[in-house]
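Two complexes are shown next, each including chain A; its partner changes from chain B in the first to chain C in the second.
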Partner chain A sequence: MSACVQDAPLPHRPAARPPAGPGWTGEPLRLAALLAPAAAVFAAFFLLPLVRLILIGAGGAEGWSTYLTTLADPGHLDSLISTLALSAGVTLVTLAVSTVAGLFLVRNRFPGHALLVALLTFPLAFPGVVIGFMVIMLAGRQGLIGTITQALGAGKLVFAYSMAGLFLGYVYFSIPRVILTVMAAAEKLDPRLEEAARSLGASSWRVVADVILPALKPALISAGALCFATSMGAFGTAFTLATRINVLPMTIYTEFTLQANIAAAAALSVLLGLITWAALAVARSVAGTSVAAAG
Partner chain B sequence: MPDSVMPNSFHLDAVPIRLERCGKTFAGGARALEPLDLTIRGGETIVFLGPSGCGKTTTLRIIAGLESPDPGGRVLFGEEDVTALPIERRNVGMVFQSYALFPNMTVAENVAYGLKVRKLPRVDRARRVEELLDLMHLGEFAGRRIDQLSGGQRQRVALARALVVRPRVLLLDEPLTALDAKLRDSLRLEIDRLLRSLGITAVYVTHDQGEAMALGDRIVVMAKGRVAQVGTPREIYYQPADAFVADFIGTMNRLGGTVRGGMLSLGTALLPWSGPDGAAELLVRPEDLALAGEADGHLDGTVAAAVFLGDRTRLVVEPADGPALTVDAAGRSELGRGDRVWLRVDPARVLAVP
Partner chain C sequence: MRDLSHRRGWGFWLQLGFTLLVCALLTVPMAMSMLAGLTANYFVGLKSGLTLRWVEEVWRVYSGTILLSLQIAFACLACTLVLGVPAAYALARRPGRIARLVEELLTMPVAIPGLATALALIVTYGGVGDLRRSWLFILIGHVLFTLPFMVRAVLAVMGSIDLTTLEEGAASLGAGFLRRFATVVLPNCRSGILAGSLMVLTLSVGEFNLTWLLHTPLTKTLPVGLADSYASLRIEIGSAYTLVFFLMIVPSLILMQGLSRRGRPSV
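== the complex of A and B ==
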């Protein structure tokens, strides 16, 4: 591992520079020197731990095949699938809520507008534990929803300690980021485009479908990708709600601390990272082509 | 039949428009438009002309249905009161300065949009899109993306898109302002030809008096939310209603004179004049001031600047007293800075400031 780090750094790079040009000795050297601190930090805090993690994943009794067997484990696979489903659901619901709210907030000025925007972005400041706590206050055994349903004679409704509670917490947590992105994109919309569509007879719904959503698409895709990645990896809320909740970060935690199955935990971590990274990459390429098509 | 594929036969109904007491006060209490009464004849091209903030765009948006007039105002298309109808139900064509083409659609899809919204069968849609693309000489660009077109081509697409739905009125909001000078001239000629051949009622908003004079059957000159004058380009140019219109359209010289007993004394000259006695402020166009000899000149002054414009040389002459005068001399005139000149005034072409 340490060999790997020693190979990477920059002193070797000047050998690759182009032949003879005015001042070629000075400039690349200076650039290399300027890049060196960043490269060192990158190697120490990103490459090194990552490589170490990958190697630990392969360091168990089964070697590199740990990566396959870990995933073949029904419990792990189940956890992965439910995490993916949860994250996808959170992303879709968050996008829907935030698009409607963001557009409304950009287009309508009313007393208290600034306060409302500030309140909506408030959850950004909370750690996952606090979000989890708030979900329990709302839908836990002593929660508001349970008390109300009991008073209405419908029995005590409690869903804080399950996927539903986690879903609620993640949506609450994700809305601020997406709303801010949607608002920034919506402010740049050309109102003339909507007026042109309306002059051609388009109803409000058609204007949304044909003009507004296509224009917001790049922003929605990038905000959605971030929301998805956050939901895939979030841990604090799940941990606060219940230790037996079946999402991948919790599974990793359990393997690591309770089962002391360090290789499996490392392998799952790498898989979680890969899947999330792939989802982001796909979203980015889709957004990229749509941006190009939109000119 | 307007359904023929022959571009030349594409013709639209000429719907008259009437504005009755249409004023506009914005939420903050700012008055954008004083109550306005105006009848636009069917098939007429009317140009709203004025500096920015004069209310011309607000008027256009009231006709379009993008703004509603203050209570009491009415907008009529023919006999139909459309005041309460939003733009999507007024069947108007709109062309914007910024083109406002849909970036996620091709040229053909942009043009077809209004027909798609109207749920026209695909076959009819394709035929009418092709007809309009031919009319606007855009046939070869049908499959292009919008960002592959020049500004002039984009505005032609916008015109085709607005016309394909056979609107009752065509509304153009500074359609040439974003184009460079040469394109602007050629597209202006094309729009002129189009409006004449279509026979559609058109409302055109601009701050450019050249465009207004070239395109308008009538011009509505506006200032500070009021109509300053309505008239044909010639009326506006030769009989401006007030000093603002005179100054805004073309170049106008101001002369001070004195009237006594039916004679106007102007510089060294006495000219027959009908008007009340006393000091008079007079307006005269540069082309109505002629260079003359010392013997028959009415005014004299010194050339302060001479600008050669090819077909003419525009002189700025400073008289001994009073404001500088702009005078057109022949292109080959050799007059230059510091030369002394005499000017003749044709009393028939002098206007008194109302």
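== the complex of A and C ==
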């Protein structure tokens, strides 16, 4: 589970000490040599292609302003705005749901607790396509929700193949990761603060609002940024549900494959990359370390 | 662990109900899809009987994608071990601004969408020899995407042990670098290497964002086949295929949950 990576505390690094004794000569050179293969692969297959992509984005008739004209295209702007709105909505809902469930799981012990935590964090490494299929199982033409609403006489409710289905999918995808983050942060809270608040007569709600939530804020901001970035850039779920959903990754895909408009696809990818990278930079600056697996 | 549940009022039951509802949202579709993959006719329901027919059908049509995904996942693991473990060691030995910058850079393929990385690879290397048609093209993408997970998992463990002291001890006994690396550094980091390896395998087997653009009709991986089957085949086959995928990743998911539980300080 990416939990073991994500929730790992920022490595405690012993102060660099000049090593002494035999066998240490030429250490800096050796360390550089150990880093070199990874650096070479990374430079050749990531940095160089990325620079290429940025240049292609500026390769239209108008040079660098191609970025602006690509973005100003009403279809693209629409898609950008709806993706931003979708991701913001997903982030808020996921944070609310996961905070309630995560706090509950940390503050209460009962039979079946460990199983519940395991089940809630299980879908952490599911790819986006599988998440999309889970949404079809819930809200598709033969889905559970439709069957229930039909049995209740309210007609068959089917929303998997739309923005609402995508919303459900991204919330599904993000809940396990955010619950883990909330739980890790809540376990580190100092119980004395809460006891102090209680002894001063604060109600349970006041304790949550004035003591617990402020203490969880860094974790919530970091988890939220992660969730936002993943929702912005994810592709598999949208692809499984419907190619007509107007989100930025689908727009990029359509520009590239159907319109063969490589410059626009490149410009939009660079823009999307900047947004997700900035969101994750926020997450890191607030909470130290986090690695997201976009589905 | 604080237990504040001495008086379980309505608040407790309300929150428990909510948490169970969330859990149902996550697990019910999984159970439904597994069952659908074993049901003779999903539209009719369970009374049509259970069958392995759809799983056999999946194996007949898609065994190539399953084998290719395993091949890529293990090749990817080999690459991330060879590239990532030495890199993590170098970063752990010289912590500081440069190490942080390198770490930040290596994490970029995870921070920017796979779609963008795949496009960048295609516009740069799409025309180079036969690379575009080879499974190695997909492997390159997977290595970029999974390398930061390996590096971070190993780095986290290296940061929690006093590597310098351990190595100085070995050096004072006359062990050269290779000997120290193989007999002191690697054994002490095995939990990080194991966690990183499981993560790399799981992510590679499930990777879609990059792979969808990088694949060709001859290099279809499991998730590509899944998307294919969801779009075009009956729901039983898509479900049976998903079931096969679950069976492939569940062992590593369970191992990872166990590892992270053991690694977490007991509260």
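Brief remarks follow.
We adopt the following convention: the second predicted complex is superposed on the first by the 234 of 295 C-alpha atoms of A that agree within 3 Å, B and C clash if a C-alpha of one lies under 4 Å from a C-alpha of the other, contacts with A are read in each partner's own complex, and residues count from 1 in each chain.
Basically, a contact is a pair of C-beta atoms (placed from the backbone, for glycine too) under 8 Å apart; a residue touches a chain by one contact, two chains touch by 3 or more.
Small disclaimer: the values here were computed from a predicted structure and weren't measured.
Of the two partner chains, chain C is the only one touched by A:Arg30; chain B is not.
Once the two complexes are laid over each other on the shared chain, residue contacts for A:Val129 go to chain C alone; chain B is not touched.
For chain A, the partner that touches more of its residues is C, with chain B and chain C as the two candidates. Contacts of A:Lys156 after superposition: neither chain B nor chain C is touched. Of the two partner chains placed around the shared chain by superposition, chain C is the only one that A:Ile252 touches, whereas chain B remains out of contact.
In the superposed model, A:Leu272 lies in contact with chain C only, and not with chain B.
Residue overlap on chain A between its contacts with chain B in one complex and with chain C in the other: 293-295.
The touching residues of chain A, when paired with chain B in their complex, are 190, 192-193, 195-203, 206, 210-211, 214-215, 293-295. Residue ranges on chain A touching chain C, taken from their complex, read 1-5, 7-14, 16-17, 19-24, 27-28, 30-32, 34-35, 37-39, 41-42, 45-50, 52-53, 56, 97, 100-101, 104-110, 116, 118-130, 132-138, 142, 144, 172, 175-176, 184, 187, 191, 204, 229, 232-236, 239-240, 249, 252-253, 256, 262, 265-266, 269-270, 272-273, 276-277, 280-281, 289, 291-295. By the touch criterion given at the top, residues 64, 66, 86-89, 91-94, 96, 98, 100-104, 113-114, 117-118, 145-147, 158, 161-162, 165, 171 of chain B touch chain A in their complex. By the touch rule above, chain C contacts chain A in their complex via residues 1-5, 11-12, 15-16, 18-20, 22-23, 25-30, 32-33, 36, 42-43, 79, 82-84, 86-87, 89-96, 102, 105-117, 119-121, 123-125, 140, 143-144, 147-149, 151-153, 155-156, 158-160, 162-164, 167-168, 171-172, 174-177, 180, 195-196, 199, 202-203, 206-209, 212-213, 223, 226-227, 230-231, 235, 238-239, 242, 245, 249, 253, 256-257, 259-260, 263-264, 267.
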